[in-house]
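Starting off with a structure, shown below.
A, B and C label the chains in the order they appear, each numbered from 1.
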Amino acid sequence: MTSLEDRIQQLEDREQIRELTTRYCHAVAAADAATIVGLFCEDGIFSSGGRTTQGKPALDKFYTRLAEQPPIPFIQNHVIDELAGDQARGRCSAEIRMVQDGESVTTAGWYDDHFRRVDGEWKFAERNFHVFHMVPLSQGWAG
Amino acid sequence: MTSLEDRIQQLEDREQIRELTTRYCHAVAAADAATIVGLFCEDGIFSSGGRTTQGKPALDKFYTRLAEQPPIPFIQNHVIDELAGDQARGRCSAEIRMVQDGESVTTAGWYDDHFRRVDGEWKFAERNFHVFHMVPLSQGWAG
Amino acid sequence: MTSLEDRIQQLEDREQIRELTTRYCHAVAAADAATIVGLFCEDGIFSSGGRTTQGKPALDKFYTRLAEQPPIPFIQNHVIDELAGDQARGRCSAEIRMVQDGESVTTAGWYDDHFRRVDGEWKFAERNFHVFHMVPLSQGWAG
């Protein structure tokens, strides 16, 4: 039997984890690399398309470069599949508006996220981004 | 006066109902018909554009066919309008990326959902999808 | 030390505030100006692009005109940055599908929202909409 306090704590954890992914979006769109990196654990990982970036110095370099032409991510369909103590795992979908080589690019994909609570705050331990498609808007996602 | 436990239960119910709609999206994008059908009640209904599909065998057929060319749904603007015991009703908006006849199609619409708790788990009793527009990306939604 | 009841209240407040922004979307897409205006405080403000509309009569005029060609907003990335008593502040992102001069227009932006609880219900005290871009779909957001 879970105590009332534990149930409240779980709800608060879910709220904080969901907000972590949304804070990420706002910081990416605002080209605010320092805030983005602060959402990761010290040994945090971002991986996408076979490329892995680990640790705050590497993440800082990665997001600082990204911020030169900031994408605008829209994260949704958030689900928390596991939540146990200071560890959690979730998924969310993303639509991302980007500019590449002067062209409007639209991306659809989803994140497989691992979260860890550090000093009372939920952080990204690992973000794995899976791309459904990343295509010029003028071309579309068919074919 | 609602007890603290009842208030926690309501928050947990809302959380589970919201996650039900997001699990649906992930399963649709993953072309996982079995998981989608498992989110419905035995006598669950999906209806859209005057066409109604009811019951797990019919839903299984419907979503198996859909999975041949899986749409990518993004569900958002979730609101739970009623929640009473094991019944609930809500609305959410959807942007959906589809491919039809080799063409990129973009859809905007909203779901009118009825939820029922079965053996402690929230399920779709009825999903009614209302389309704002379903148009080729190259054409747009004007006119 | 926050009491259990206060923690539950905070979770409920967050839930209601989040739903306020989603109800707004449904009402905008449904061209339901009366419902939109009812989500604002008596002295509520909507501002965007240097133009400010304040008070229910002015908001009613503004949203009634908007409803002639209703945009379809998709709000996401919701975060509540401050919550203290009957005041709160949050941010959310928006993708909006519009029609302007017979053309499909796509908008990306974010809301800086101030909320106030009035007679037990959370309302918009102030919505400030910041546009990333508002462009014809046929043209895209690059350049």
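Note that contacts are C-beta pairs under 8 Å (C-beta built on N, C-alpha and C of every residue); 3 or more make two chains touch, one makes a residue touch a chain.
Predicted model, so just to flag it, every value in this text is computed and none were measured.
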Through what angle, between 0 and 180°, must subunit B be rotated so its C-alpha atoms fit those of subunit C, rounded to a multiple of 5? 120
Could you classify the subunit A-subunit B contact as same or different, where same means more than half of all interface residue numbers appear on both copies? different
Centroid distance [mean C-alpha coordinates] between subunit B and subunit A, Å: 24
Which residues does subunit B have that touch at least 2 chains other than itself? 4, 8, 11, 74, 76, 95, 137
Listed in rising order, subunit B residues that touch subunit C in their complex are 4, 7-8, 11, 14, 74, 76-80, 91-93, 95, 108, 110, 132, 137, 140-143
The answer for subunit A against subunit C in the complex is residues 4-5, 8, 11-12, 15, 19, 22-23, 25-26, 29, 72-76, 95, 97, 99, 102-104, 137-138
